[in-house]
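Paired with chain B in one complex and with chain C in the other, chain A is shared by the two complexes that follow.
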Partner chain A sequence: MNMPITPQKPAKKLSLKDNYNLLTRGLGWETSYQDMDKVFAQDKFEGIKIHDWDKWEDPFRLTMDAYWKYQGEKEKKLYAIVDAFQQNNGQFNVTDARYINTLKLFLTGVSPLEYQAHRGFAMVGRNFRGTSARIAAQMQAIDELRHAQTQAHTISHYNKFFSGLHDPTHMFDRVWYLSVPKSYFEDAMSAGPFEFITAISFSFEYVLTNLLFMPFMSGAAYNGDMATVTFGFSAQSDESRHMTLGLEVVKFILEQDPDNVPIVQKWLDKWFWRGYRLLTLVSMMMDYMLPKKVMSWAEAWEMYFEQNGGALFNDLARYGIRMPKYHEVASKEKHRLSHEAWATFYNFSHAAAFHTWVPEESEMKWLAEKYPTTFDSLYRPRFEHWREQQQKGERFSNGTLPMLCQVCQVPMFFTEPDDPTKICFRETTYRDEKFHFCSDGCKDIFGNEPEKYVQAWLPVHQIYQGNCFRPGTDPTAPGFEPLAEVLQYYGFHVGEDGGEYLGSLDARNWTQWTGKPAVAE
Partner chain B sequence: MQVDIKTTTVTQLRQTFSHTARAIGGDKPASRYQEATYGMQPLVNFHYRPLWQPEMELYDVRRTAVVMRDWYALKDPRQYYYGSYTITRSRQQEAMEKNLEFVEKRGLLRDLPEPLRAKLIHTLVPLRHLEWGANTNNCYITAYGFGVAITQATMFHAMDRLGLAQYLSRIGLSLDGNSGEALAEGKQLWMHDDTWQGLRRLVENLMVCEDWFELHVAQNLVLDGLLQPLVFQQFERRFSSQHGPALSLVTEFMNNWFEETSRWVDATIKTATAESAANSALIHGWVSHWREAVRVAIAPYADAVFIEDAADALAAVDAQFDSRIAKLGLKAAVDTGIAA
Partner chain C sequence: MSAVIKEKDRVFVAFQTNDDTRSIVEAIEADNAEAIVSRYPAMVKIEVPGRLVIRRETIEDLIGRAYDLRELHINLISISGNIEESDDELVLHWNQH
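Presenting the complex of A and B:
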């Protein structure tokens, strides 16, 4: 070299924060060859006003090299355990084969939401104009892809031995109760980026994760499911990042402009109720489907929503935010939600991709302890009646199709907030058509955006309109059985995937393979 | 003596998921890539039209003019799913970290003669913004593309581009002793210097390209296929041969990355082109349109970086690109200058 070396001062040490800011903050720029409003065409139409994206404080300050390093390590460990689990036939260490039904609900109803979240966060990661906010959304987008894929890989092994797990996304797109989670997420994705992130990062991840994702993982831990609980532990650090992001997002939006407050409040009202209705499925999982129970739905609601959620909304009061509308209805429903839901699925078990059963005597005792004001008086007699019927060889099932709520799409089995013996019906007329709702919460949501909710693909309506048959099906053919055809359209293995648990293929195989009774003592 | 471990054998009911079986031609053992990819994306019975694009469904094949009978034909030859992707990158970042530390510790970039430091800042640091643009574009494809086969790969590609932007920033910090001055200067150059305006205009034009497959062709095949070799092969070689291997150490990741990801880009373009005459015509049009746009955008940059050697450097990457696209079933662009 013919030029002299020019020794400079030694490099100064950078704090994590400075390092992150230098590597990240300035990456974006104010475009001038294309209008910024064209480059970021979606972050204004919802009416949210952001004056200074630099006020966004990224809570993680994770650069890509660190992300690859941490996540790569986690994946190595997770797959090592999944491999060992498979090699050792770990699927036979669960309490009993009833437990597998929670995995069926999870894989068909929750895992597809992880994928939807992946795509939804990719949209936000493209559409926000603040660099750090976009990076946070992108990291969540790729994390969610992780969750969808690791769940498929973890539960894949169970699919090889048990029914109802074989076609999760096909079912997600079609099956009646799976339109509850599907419509929930598509509602958020079809909204703008700010509503999406408020709905999913805050209302879903921050407020409700402990009532959705975690009960499945705790249930796995309690019931000897090594594979799923390992996945749960591995995802926990991702989830806590996502939760922190949720809180950060909402505070950032609220701090940017007072005009944002009423918009956000309306979203919090809507997404609280939407999320809570979705949790109906989790409530019955916790109280009825886990052979070894973690805690009751009512206890979970008290701890995670009434206490933790209450404290959170107290904190947000300084921004002018109040508790979400109808939270008191959720509290009134906590002693009946799971019982009403399980009874409904017991009715329609033949049209579901998981089994149902009458709780064992010991379980009814547990339910009576956890629900002293409702179980013995309202729900036990019905289960006892069904048990008698079943013993006589007349297992009850309901051959008709339930009416669904236009918004949450759950069958209309919920009862009046102040009368647990009377079904709650609400209706409204929009453009000369009548629409039905399960609650004031859902009716309000419809009232705020009727043009959105009239579009809902309601599975029962669709069946009656003849839209749920496989291509080439002839409904006028002699001997045509509509329900049987619908189940084919759903991709079910009829007679294996759903129906009564006792005597099912799963129950018989369990006993044959493990030598243990179908229902653990 | 033989040692027997007694195990019970159980006959599996099935080998894989039904949706995977439909994609791989029957119920047989499936790879993790297959189980992570096929069937993940919802396909039918969408509930609400997006407020932001009411003429389309949430997932809609009409967001590109390319038509595929099966969007899952656009497989990734690397077979990356999240786990294999992060595990691979974590190994690579470890090597890159060692290189960066080696260079930083010895001041190999920081202590370069002033004109060389300035040269590296001018040549490399503004590229971090271009990489951020590439991140934006791949994030768009991930959000609005169709089929997990391509959209998961573009998700990884988007994060890779953020990683590249950050490694370029690290090179800047290595040049300025962590003061951030090189990054500030790089931003000024990106925003205002004539050398960079062609490229910035091009990147901004890409950011409003609505057809996601066109964007994939323009960004990941054409712009990257011409610019990455120009910087990380042509410039890097010339610089290293005169001034030692410091730059090669801190650009090793980029070089390996380009080689690896080109295999994936090529596979997707080749498959889509071979699908139909209509796709082939579209992709040809896009390649020639964007190649011309890149040619115009890159010229002032090449002149500034290579001076009298610019024509040679550009000719070398042009030839490399011609032979690459010929392998994809695309005719080399004899008629550059004719827009689609």
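Presenting the complex of A and C:
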């Protein structure tokens, strides 16, 4: 037996800091037979100067043992609840079937971004030469894959009962409004690693993500959707770590060299505006798509951007960083954004994979209270007109296709910063071609990188060029209906997935299966 | 001359509402005199002007067992401010304070 003669006391537990340092310091090495600049070919071309990668600190100092332990706990908790939800027909406990449309938008527009984030962080993890930065990126890549999987798994249960949820990845790559999130993320992924991490970790996750997840999850809970609250919270527990990393990353870059400051400021301006335009979809979800509403878009913007974001940028002022350009335009738009967006989707509902509807009288009252300066005067009359049309059996829909902004790819429905009755158009000429923008923010972004944005895959242009038909389609055949063919190409179940909610398959099934009215009182 | 006293920028932390976080919220209220607690469906948010501290010992006193501050991750929803974390406490703050 080789028992020690003098039994030793168990080693003292390492402090959090020592433990983290052991994980992240000295793990990398200087290459000998290949130049380091060739091994890490992408972390210099953006002009960011890093002198000491060891100054990178993960704020939570999460080590691998703790990571797997807590992630494992989160997964067990999530799947136990998802099981209980399915076994108890939880899908019928939501307020009414209108609510399901928020899930359709989420699964087709947001969950694929989780997967994109997984790929993006795997890429930056490869491209940074600092060890602790690579470990942080690795953990986040795994987190994001988990989010994509748990969302697909949880929402797949709803797919057994409701339309529009059957093929999110196919739709993501094709459908007109989904090119908004898709192009946003591909813009970030095709930038360098420092721009990617500033765009996603800081501008999106730290500055803007509260506007997506806080009201979305609280809204899901309020509307009785136990499954979504659960995957949402499970993802968000990782997200709070990602947000913190976002702030830490930006501080690290700014502290490394004063030359980094103007580069970062330019990215903050760009990615604030890109992210804000993406959130247009969230604004209409909050104000129109949640049958029971938690807070208005304007309130959320005030709380999470104007106050929290304001505090953040006050803090960053010591580095010479200012508020992102055009933040004041976003504040001017807060009383109209959701109304303009929902009206546009109402117009083009027949070409979407989710339903739209005119808000109920009680909802219009709520909207008027939340938007006293705009709703009754500017938006209510339009809804009342549409409601009358619908009652006459002439539900309005728009037979043409909208012009899209070359940068954010949102249809050009936004209005002038100082005139909510006038559509905002901007244009520029580049290499003898004309390009159109929804705002000065998007026009500036184009102006800084025109070579990138002239390549944008704009769904409406692509449809008109004949690139959105299934293989083998003959557009010259007699009786050819281009729009019907495009919807087939999108993978929609035409006549089920989109269009008016009242009288839809979802609405009829809801009443038949639950005995409850299609629109909750 | 009178100085204008402006409220300090707030930091915040938000948790899921559940049995685990009830004691955490209580501990934060005990350690931060200026804490403002807002309850939303399924979510609780605590804001403090300038600086917020979460102390391990206060939580341990309330739950009656050893607590690793990293357990906070399980129920965390969102957070703002710069973070300083040690084995004993987690501090959120804005730098001007």
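The rule we apply is simple: the second predicted complex is superposed on the first by the 508 of 521 C-alpha atoms of A that agree within 3 Å, B and C clash if a C-alpha of one lies under 4 Å from a C-alpha of the other, contacts with A are read in each partner's own complex, and residues count from 1 in each chain.
Please note the rule applied: a contact is a pair of C-beta atoms (placed from the backbone, for glycine too) under 8 Å apart; a residue touches a chain by one contact, two chains touch by 3 or more.
Given the structure is predicted, the values throughout are model-derived calculations rather than measurements.
> If we overlay the two complexes on their shared chain A, which of chain B and chain C does A:Glu73 touch? Say first, second, both or neither.
both
> Which of the two, chain B or chain C, is in touch with more residues of chain A?
Residues of chain A touched, chain B against chain C: more for B.
> Identify the partner contact of A:Met243: answer first if only chain B is touched, second if only chain C is, both if each is, neither if none is.
In the superposition, A:Met243 touches chain C alone.
> Looking at the overlay, does A:Pro168 come into contact with chain B only (first), chain C only (second), both, or neither?
The answer is first: A:Pro168 touches chain B but not chain C.
> Does the superposition put A:Ala221 against chain B (first), chain C (second), both, or neither?
second
> Touching A:Ala353 in the superposition: chain B (first), chain C (second), both, neither?
Neither partner.
> Report for A:Val39: first if it touches chain B alone, second if chain C alone, otherwise both or neither.
first
> So, does A:Leu113 touch the first partner chain B, the second partner chain C, both, or neither?
In the superposition, A:Leu113 contacts neither chain B nor chain C.
> Just which bits of chain A does chain B share with chain C as contact spots?
73
> In their shared complex, at which residues does chain A touch chain B?
1, 3-14, 22-24, 26-29, 31-34, 38-39, 42, 45, 63-65, 67-69, 71-73, 75-76, 78-79, 89, 112, 115-116, 118-119, 122-123, 125-127, 131, 134-135, 138-139, 141-142, 145-146, 148-150, 152-153, 156, 159-163, 165-170, 172-174, 179, 182-183, 186-187, 189-192, 452-453, 455-457, 462, 491, 509, 513
> So in the complex, which bits of chain C are touching chain A?
The touching residues are 9-12, 14, 16, 40-43, 68, 70-71, 73-83, 85-87, 94-96.
> Could you list, by residue number, the parts of chain A that touch chain C in their complex?
Spelled out, the residues of chain A in touch with chain C are 15-17, 59-62, 66, 70, 73-74, 77, 210, 213-214, 217-219, 221-222, 229, 233, 236-237, 239-241, 243-244, 247-248, 251, 294, 307-308, 310-312, 314-315, 318.
> Looking at the complex, which residues from chain B come into contact with chain A?
8, 10, 12-19, 32, 35-36, 39-52, 58-59, 81-83, 86-94, 96-97, 104, 107, 110-117, 128-129, 132, 135-136, 139-140, 142-144, 148, 151-152, 155-156, 158-160, 162-163, 165-167, 169-170, 173-174, 177-180, 183-184, 187, 190-191, 200-201, 204-205, 207-208, 242-244
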